[in-house]
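Structures are listed in the sections that come next.
Shared between the two complexes below is subunit A, which has subunit B as its partner in the first and subunit C in the second.
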Partner chain A sequence: MKTAQLVQTSLEFLTDRFPIEKMNVNSLVRTKEVPVHRMSWAYYLGGLALFLFLVQLVTGLMLMFYYEPTVSDAHASVERITEHIGGGALVRNLHTWSASAMIFAVVVHMLTAFAMKAFAKPREITWVSGVLLLLITFAFGFTGYLLPWHQIAVNATKVGLQSIEEAGAYLPGAMSAWPGALKELIQGEASVGQATLSRFYAIHVMVLPLAFFGVLSLHLLSVQLHGMSQGVDRPTGRTERFFPFFILKDAWLWGVVFLVLFVVALCLPFEAFFSYPLFEAYDAMGSTPDGIKPEWYFYFIYYPLELLPFWVIMLAQNAAIAVLLAAPWIFRKTSRRALGVITVAVATYLVVMTVFGQQIYEMFKGGA
Partner chain B sequence: MRRMVLAAMWVTAALGASRAGAYPEFQAWVDGQTPRNVNCALCHAHGDGPDGVKPGQIGSLSPEQLAALNEARQAFEPGQQVDSPILNEFGDRMVEKLGRTGIIQLRQRPGDLPQAYGFESDLDGDGIPDAREYIDGTLATNAHHGDPWLLLRHNLKANWWHLVLIAIATLLGLYGINNLLAWFEQAIGGDEEAAEGEAGIMKFEIRNSKLETNSNSTILK
Partner chain C sequence: MLDAFLFLGLPYLALVSLVAGSIWRYRRNRFSYSALSSQFLERKQLRWGSLPWHVGLLVVFIGHLVPFVAPGLWQSLVANRGFLLAVETAGVAAALLALGGLTVLAVRRVFSGPLQRITTTMDLIIVGLLIVQVILGLGVALHHRWGAQWSGRTLGPYLWSVVTLRPEAEWVAAMPPLVKLHVAGAFAIFALLPFSRLVHAFSLPVEYLWRAPQKVVWNNPRRWRMRPAAVRQVEESRRYFLRGAGALAGAGVLLGAGVTDKLVRYFRGPEMSQEQEVALLRKKLERLEMTAEERELELERKRQAIIHVAALAELNRTEGKYFIDYQMRPALAFKDADGLPLLISAKCTHLGCTVASQVDPQGRILCPCHISYFDIATGKPNAGSPAKAPLPHIGWVLMDGAGELIARRAPGGSVEGTPTSQQLEGAQVYIAREYAGGSEA
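Presenting the complex of A and B:
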């Protein structure tokens, strides 16, 4: 009886979330309306993230033509792309800058969706798939960072993988061996080497894009089926048609962002912001340059990791992921005003840690 | 006999290196000058300096390269062409401009090197003089490395025509999308008014503002 009830409840849940009667052009495109209010700008962030992902896809494909995923040739092939292939520096910069822009867009999209309570029934699947896309995007960043095989890439990856293994010390019994096994599975050998590069490359160019496409399809279908959430506690009653007006504005935003991205990629090499020894070919027997850090979008977890006990960060990180995934049920009765306050607090933490993380670290540790 | 000559050349080169092959005073000055970290690759072929057996270090040099190194080491006075296998292009140019004697004298006051070297040379063509790159701790031999603000200014000037073209292309693309959407709306039987005649963005915007007064949709929950 209980099983039958469970099946019935599950079926009802899925029927509500994927109403077959709405799966037609009329509902998905022609009659869809988008609410207009003071937070309407946030509706464009998801599309922006999608556009930046497409830029990643196209530029990544172009880089694949020349990149060689071997420890002996990876760095040289990246240098070749930058120095000797026509338009190579531009494509590589587009890939790098748009990766950062995509992560920024995805995080802001998540924060605004949270503040607008976009996870409320019947949009739970939209939200959960969005959180999965966020995690996949971070995984893209982590795996892509290693590929140029330069000093900062390899050393930062070592630190990242090491932290997985350290988690084992806080798990009971046989479970304590799991993180180590996971690290070995990702790493492929005793230390970061050819097997690691091969695995990261495969994950970066094949596994993650496939997973991204799958989850993205679910996310977009869900968004189209249920429309945008009302966004504010007191709806204005004003709406605009999704097609063609919202789409058109989306296209113009994409155009503007593309132009900005192009100018930045052409005129501002990403590596100019760093010390050059960090971009020399990784040398296992050579000296490790100062300033090894992960990419800026991991600072929010990197600096606390440097300052606080590992178990605190591990607990906080896992709790944060669990809360994010379960947000539709945890915050079911929370007002948008309260969600807004939580969002501002989280956003403040992220900005402070990203921008002032180094200063905070030095303040507590007394020097870099 | 040939082996003995080569061995003698290698020993001479190696001893030379320990005497005057690397001048860490310059690196130390730059390190104190800028928040960036620098290493020997500022002037040398290898980041760890000339001593060792890796590419660009003395221990890895072929007999021909050792001969080139010894020749480069004879450039005590300015004006001699230098192509040392353990120096990068900036290091070579420095020896050409200042001579080894000049460089050895500057070891005591490495902050004077930019003035002595001059601000005319820009080896990588990134718009930032080599001497300025030395002060900033950036690579004078890499056009993609330099002070970000200076690079941006230079690249904007150098690429303005590309930027104009890409802006025109993007605008044309958006104009095309504009029309495509209007056509598509007509094709799926949308608002006929939108598909009539021109379907520029202005028309969409005007219609959009009208639509904003619509009542709330049933899609909202």
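Presenting the complex of A and C:
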């Protein structure tokens, strides 16, 4: 392809995805219509994820007022927030519960968008930016988990980072040292310590939010430019106005979700489901306590990692990310029915692994 | 004797009556399988009676059902102070709501003229029984506090024993009379259920929840003429709007007050007593000291060619002593069968957890994260364990009290020097930097 032609095609691609003539309030907000059909509920998930992100932003900022990111003080400062600061336990519980809720909303959002073929032309950019947001959200979860610096946090982070190094065994020659070097680059020193905490803190409170804002604005801009996707094969023809009706319903849902989150955060510490010693301060000299696990939203990759050879997981994971990013082009000609079947299969896998992961693990590895 | 009747006989009597009575009534007169509506005869009081009663009852009913169906989950939930408080408060509030509604319903049944014509004796008995039952429940909640917690380990098992046809009345035998009456009252209500208006619980029109709303209009020609539809609609919508706006404003004020209170308290900082502050400061100081210790270890490893691990006499074969190697990783020191030290890395080769220090009878140490056993003599993991690579041994240097070299061993190498048993007595174990590079594998 000649250079001129290449420039021409890319320009066409971009003008199709970012139509200048639509960049005004009138077409972004006032005239936008939302299709009404039996899958319409899925249109609320993205807004819900956005709302939960805002909750994370506010509660996270509030926690930053008292949190101290040093290995000697981190645990004590978190304890001080939960036990001694008025409303501190509430803010912290809100932050953890809403983190879980956000992961849930984001994953369901992705599944429904996939099933509804919301990535079809001209919405490729919406989809790819959405996948990036999903990855960033998981990165938020992984980095945030370490910050309280208790036993389960530090040890789970060690396990997670160590799995990067494992990849080295499958690479030839000098390359086998690269994953190890990458791991040390991420954790900043030979083992998880102050450098890791500082890096994770910086990543969690600055790098990821900035990245999130950037990708999010792209995502939202393209959502508003192209409107909601049709979603079903045979549209009902009915629509409702985005402003003010859809937005009001959005706000109504946010209110209900926040009320539920608030009540749960008020009554139930997130840690209520774990045994106590896991939440003691991390002790570098002692042995690792039983029951080290990542957060529940990593179970779908954690349990297979325990059961299968490492290279299988590594391959599957990279393949999955690649397929997700390239979905608009891979599934360009796939029917919604087929996409729906794939989605149900994936959702079943996620639910089964998350809920019954431990039982499946014991079934195969019970004797050992 | 009375206990046996109330808690062994009555439940099954109620069960039989419930099943057989329901079938009998359904077959005999199908259209009576509901509650006779009285809305046409009296509306104003009904609204203030029926709605609170049903809402309160529903909340209380769920509060009774969940602990029964999922006792494990419930117990783990109520173990939290906040949750227990919330549940108890909500329960009492709902019971008060139900009681208020029920009282209105009872008063209405008795004093409203038109209603007398459709009120049966059974209606009066049921409303009386329900009032007594709710009062008993409230009494239990207020007098024997934290029922959400204790009932799970007493009444729950009793009910399950009844349901599984192996009734054990001992669970309730020692209960206070209030509780016993509340339980027996429940059975009595269940026994009467098929013969009263309560059967409408089984003919609940659940599909109303999602079908399109329908409005029954009383077709009164006179009213119709007097107020044109358009006027009525405007009036109605204005009323709804004002009511909605008022409710929103009220909710907004409440929310604002709550949020402001929390925010002010949050940003004002900790509220701690003297002792709490002392305890927190002490804890922080301890952690700082621990961190300082670690920093010292690191510095020592940067500057010293050899580092002291332990006196040889301190080591044994059954439990290792943790120390930190040159790479700042955990390691364990044992005494080998030949009386010389045995130093092995304690960083699991699987995913880097710290291996436990206890040696089992087969001479192995365990990594608790994913259950790998490592033989301390060879470092090799057991067959089938998640860890594949052996734990590397660490080279050591043995010196006597005067700092004279007695023996040493490079990782993977053999022992250099033949110490006498007398020399070994006061010997000290060291790790050396020259051996640190080799154990990197």
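Everything below uses one rule, namely that the second predicted complex is superposed on the first by the 361 of 368 C-alpha atoms of A that agree within 3 Å, B and C clash if a C-alpha of one lies under 4 Å from a C-alpha of the other, contacts with A are read in each partner's own complex, and residues count from 1 in each chain.
By our rule, contacts are C-beta pairs under 8 Å (C-beta built on N, C-alpha and C of every residue); 3 or more make two chains touch, one makes a residue touch a chain.
Here the structure is a predicted model, which means the values were calculated and not measured.
Once subunit A is used to superpose the two complexes, subunit B occupies space that clashes with subunit C. When the two structures are aligned on the shared chain, A:Phe273 is found in touch with subunit B and with subunit C. When the two structures are aligned on the shared chain, A:Val263 is found in touch with subunit B and with subunit C. Residue contacts after overlaying the shared chain place A:Thr82 against subunit B, while subunit C stays out of touching range.
Judged by the touch definition given at the top, the superposed model places A:Ser191 against subunit C, while subunit B stays out of reach. Applying the stated contact rule after C-alpha superposition, one finds that A:Pro122 touches subunit B and leaves subunit C untouched.
Shared-chain residue A:Thr239: touches subunit B; no touch with subunit C. Of the two partner chains placed by the overlay, neither subunit B nor subunit C lies in contact with A:Gly214.
Of the two partner chains placed around the shared chain by superposition, subunit C is the only one that A:Val159 touches, whereas subunit B remains out of contact.
Contacts of A:Pro309 after superposition on the shared chain: neither subunit B nor subunit C is touched.
Comparing the listed stretches 1-9, 55-63, 73-81 or 289-297 of subunit C against subunit B after superposition, the clashing one is 73-81.
Note: residues 263, 266-269, 272-273, 286-287, 289-290 of subunit A belong to the subunit B contact set and to the subunit C contact set alike, using the contact criterion stated above. Those residues of subunit B that touch subunit A in the shared complex are 36-39, 41, 47-48, 54, 137-139, 142, 144-148, 151-152, 155-156, 159, 162-163, 166-167, 170-171, 173-174, 177-178, 181-182, 184-185, 188-190, 194, 201, 204, 207-208, 211-217, 219-221. Of all residues in subunit A, only 25, 29-33, 35-36, 82, 89, 120-122, 226-227, 229-230, 235, 237-241, 243-245, 247-248, 251-252, 255, 258-259, 262-263, 266-269, 271-278, 280, 283, 286-287, 289-291 touch subunit B in the complex they form. Those residues of subunit A that touch subunit C in the shared complex are 62, 65, 70-73, 75-76, 79-80, 84-88, 90-91, 155, 158-159, 161-163, 166, 189-191, 193-194, 263, 266-269, 272-273, 281, 284-290, 292, 306, 365, 368. Within the complex, the subunit C residues that touch subunit A are 76-77, 79-80, 82-83, 85-87, 262-263, 265-272, 276, 280, 283-284, 287-288, 290-291, 294, 322, 324, 327-330, 346-347, 350-357, 367-371, 384-386.
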